[in-house]
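Have a look at the structure that comes next, please.
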Amino acid sequence: MSATVHVFGGAGFAGAQLAALVDAHPYFTLGAITARGDAGRRLVDLYPQYRVTDALVAPDPALARAGDFAAVCYPHAAASELVAQLVDAGVRVVDVSADHRLRDAALYPEWYGFTHARPELLGEAVYGLPEAYRDRIRDARLVANPGCYPTAALLALLPLAGRLADVVIDAKSGVSGAGKTPTDAVHFSSVTENVTPYKVLSHRHEPEIAQELGVDVTFTPHLVPADRGELASCYARLTDAPATQDDLFALYRAHYDGHPFVEIVERPPGMRAVQHTNYAQICPLLDARRGRVIAFGAIDNIVKGASGQALQNLNLMAGRPETEGLA
Amino acid sequence: MSATVHVFGGAGFAGAQLAALVDAHPYFTLGAITARGDAGRRLVDLYPQYRVTDALVAPDPALARAGDFAAVCYPHAAASELVAQLVDAGVRVVDVSADHRLRDAALYPEWYGFTHARPELLGEAVYGLPEAYRDRIRDARLVANPGCYPTAALLALLPLAGRLADVVIDAKSGVSGAGKTPTDAVHFSSVTENVTPYKVLSHRHEPEIAQELGVDVTFTPHLVPADRGELASCYARLTDAPATQDDLFALYRAHYDGHPFVEIVERPPGMRAVQHTNYAQICPLLDARRGRVIAFGAIDNIVKGASGQALQNLNLMAGRPETEGLA
Amino acid sequence: MSATVHVFGGAGFAGAQLAALVDAHPYFTLGAITARGDAGRRLVDLYPQYRVTDALVAPDPALARAGDFAAVCYPHAAASELVAQLVDAGVRVVDVSADHRLRDAALYPEWYGFTHARPELLGEAVYGLPEAYRDRIRDARLVANPGCYPTAALLALLPLAGRLADVVIDAKSGVSGAGKTPTDAVHFSSVTENVTPYKVLSHRHEPEIAQELGVDVTFTPHLVPADRGELASCYARLTDAPATQDDLFALYRAHYDGHPFVEIVERPPGMRAVQHTNYAQICPLLDARRGRVIAFGAIDNIVKGASGQALQNLNLMAGRPETEGLA
Amino acid sequence: MSATVHVFGGAGFAGAQLAALVDAHPYFTLGAITARGDAGRRLVDLYPQYRVTDALVAPDPALARAGDFAAVCYPHAAASELVAQLVDAGVRVVDVSADHRLRDAALYPEWYGFTHARPELLGEAVYGLPEAYRDRIRDARLVANPGCYPTAALLALLPLAGRLADVVIDAKSGVSGAGKTPTDAVHFSSVTENVTPYKVLSHRHEPEIAQELGVDVTFTPHLVPADRGELASCYARLTDAPATQDDLFALYRAHYDGHPFVEIVERPPGMRAVQHTNYAQICPLLDARRGRVIAFGAIDNIVKGASGQALQNLNLMAGRPETEGLA
């Protein structure tokens, strides 16, 4: 018994790792891995560490058939059309791009610079954070895989949703989050021994976080000299704060009870504790003196922030154990 | 014409670099460099990059004579006694330790775990941030050199002092800030590919920042995989905010007019832009939508955050140009 | 069906990872994990990334019973006594230390500074490089797990053994090879942006490499700013060289046919291709113009260079598939 | 009194730093800084750390006048024409490219893929290693600034020239050596936690090293996860070896007596000791057991390996102290 998963956009960091995860999965069968520029090359030639010898093929929606699964790892704006074609053809899709994350179609022109061609799919798409939408993901035709920063920030703050105010999210990401395309900004000589804030007040993950938290946020991403990993340091005031640190821990533990990839830790996590895993480590601390909560969320931006979460969603969609192929 | 500067505690990162800066200074003469454990070794054997061949000697206050200058680069609690002896002997002192930074003696037992033996010196000591206390530093017998985090955070926020509220300071520091002593936390294998919050809600630089800003702050330091450099990302609400981003830049430029080591920049600075220099790059951004200011401050934690600032203070105390030996 | 593996010295980098590998192994059961200083703490508190919640216990040979397996991950000189006790008690041992790697007892005083108390065990111990001694390892009571540098260098050169001359091995290692103890040399600020030759002409892995190659070698290790990984760049003249590059590749492929962890690659490997795996990537290149072979060997120093290779040996000793728990 | 130095190709790593060095030089005046793609931008916008506010201008040989100096920091093949135009116009030139380093014009088609248009300039050009050709550089119209690897390797081996055999040079370079253009190979995610041999047996610095040593060499460069710095680990047999290690040190000290930028050190140097300086640290070790010398040479690849050495040459050409603006 098996089901086929196709990876559209398999030459990028997230797509390649997802292909490797699917290839090693006990239930899923790896179908096509597509890539535009690198079609014809083997995945192992681009990513020797994954040891996947399948050749990349040119993208074509017809590679996937009704009943198959597909993950679309395209840049934003580029995914929308393919996703629609696949969904229309009866393929169940996890869209790893940003093209179906925002429910309000009006946000796409404002934040992403394009008008969404199929806004009804925005209504149908389920936001693919299993810790928030697990049941709806199981039956979804289309899952919008969250951004990496939103994954870290939301897991850190969702237990407090509804009573948050004055939210500041100061996030630090490894360079892989910027993608595989070489630019001045990701040149080793630009990054090493450096920490740089970027896209301050203009990063596209801001409306996604705000949508899911239901509150406006100040979101400041920083590039740090690491490959993998992301840490969101979140600051907020609460309208109804837990009385003690223990109460705060208890609230978080209860909230994430039964969610296998969330680890509530009592000391602020470093990125290393979750690198190359699908785990999120979350540490909420009570700043009683100033009436604040500081909640830290650490993930691997390419795994829990992209490919691993996509597989977690695929597991749910296929009725498989949520952790299969991810432990 | 010359004056002698002795460096007490010259084997640590800050003391060693200060010795090197003094050694290359056109006016100052390098006197004794002291070290407990490493006495007898040459500084060049510990720090080949500084090419200072003087031997380290055992510490003794009598090495410095009335009229000399001394910089005391000891751990906190250890500096207080020596500083008092030197001041009493007519030596003008820059205390690079934390032992004279807090004006309220009651804060020492609370934050540093010791009772200050000479509280009257806390009243006399001038807080050695030249951008705030330049005139008082010139005549001081005792200058309390600021901590590295306070330097970055204060330079970022002082132009707004008096109208700040809800201050959050999320700071990132290179590992050299943790000092030269090898520990698990500074092992390369602990630090590389990692970002770790530490001493959250308990870091000793918090009361120092609060003292100078005149307002309570939430301060969260993070260790990043870099040697040198520090970035403070500061978030605050203003009781009386500038109307526009241009007004905000203008306010900062006016505030730091005539201060040679502060650079107001229009894009958030990376740490690399100031590494191995005494410059601070400051970038204030208006988050108009949420009524906040985000102010970034980047420094080299060992130069502007310690040794370079000490030399800047020594220049002022000796009536020399503020930038001498630092450009 | 199962067998128990005890890890003596489980607080170090190799021991901890071995404990984690055994813990996740489908056949082996993890017995005691011992540690002197850290007894009582859980392994997860020292190494959050491994998620092994077992508590460390004080070392005691009686923890292991006849028929059990034990891996001894002690510093050299410290392992010898415990290994002998275990072997005498009928425990089958993989000694991850250097104490049974050299067959000539006279080399221990010369290179390691101690006289071996049980030289007859040197004769019995099988050198635990499965690619060279697989059959003898299956039945061994005592396996001497190779050093990390010898693993990389031997895998690169063994196919040419018997016709090698003028061997130079220029090796580069990540910092984890220096072990967990914090020292000046492994301080992040010493390592970052640095490459340093160390123990030139005096590194203890030299006689081990020479023993297995049957020829004298010049061996120069370098510390590089990475956590994991090792690259041996090996230069040699051949008394009977293959005529062409293709012949050289064919010779290597034939030599390692049936060895699942050796990958012969046609482009010189980077360390990243094998990090966190038990694979070795080997690339032999013919320098026809100068009558040399340049053979590169890349491994993860803690996995194939220590813990993974130990598990590979345990698999063989227990009659399990060589790759079990390592793929 | 002053002389003007123009920097052609000032947007690259070497050109930009050279412009900054010239800008801060007590004698030289910085003339034009040219750049094709970045003309119109200020140098400080590309390299904030240099704080040079001059605008880059489009390249034009007429920017330099007879009697001026020019440094040409172009890619190989691209420099030749401009260098000839400048020399013809009476401008004294340091060619930082490779276009005038090889005296044998036949090597250009073979190694660089182009036919040299002005082979007579190859005869006239002085190889700009001041430690070898100081006197000829003083009067040269055209100086060919050495490659970074040749600088490190030659300084390590030149004291033994004439009696070298079996030379192997295993070199490690920081990423800045690959230049400013973003590529997959210099992406932070490719470089961090990695060491990679590259251009094995085909790197263009090989014939340059062989030319100056007068002996064939096996040269293997490796990319290491650092920005700046280069270490050449050189292995050779000697036809007439010094009897003792002390003799070897004495030979090197005598050879470099009076050369201010060469430091003979008794322990193998790390790259950090010379980073951001024009110094070379050289350590020759006698491998008496195997009749070899191992000579280490460490430099900053962009300073002593390019821009600093160019300024050292300009100082000599202008009759200035060799160390001016470089100490």
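By written order: A, B, C and D. Residues from 1 in each chain.
Throughout what follows, a residue touches a chain if its C-beta (ideal position, glycine included) is under 8 Å from a C-beta of that chain, and two chains touch if they have at least 3 such contacts.
This one's a predicted model, so the numbers in the text were calculated from it and none came from an experiment.
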item: Length of the shortest touching-chain route, chain B through to chain C; value: 1
item: Chain whose mean Cα position lies farthest from chain B; value: C
item: Chain C-chain D separation of Cα centroids, rounded to whole Å; value: 39
item: Centre distance in Å when chain B and chain D are each reduced to the mean of their C-alpha atoms; value: 37
item: Of all residues in chain A, the ones touching two or more other chains; value: 174, 190, 192-193, 225-227, 269, 272, 275
item: Chain B residues within the chain D interface of the complex; value: 48-49, 192-193, 265, 269, 272-277, 281
item: Of all residues in chain C, those that touch chain D in their complex; value: 166, 168, 170, 172, 174, 190, 192-198, 200-201, 216, 218, 220, 222, 224-229, 231, 233, 235, 268-272, 275, 285, 287, 289-290, 292, 294, 296
item: Interface residues, chain D side, partner chain A - complex; value: 13, 174-176, 180, 182-184, 186-193, 225-227
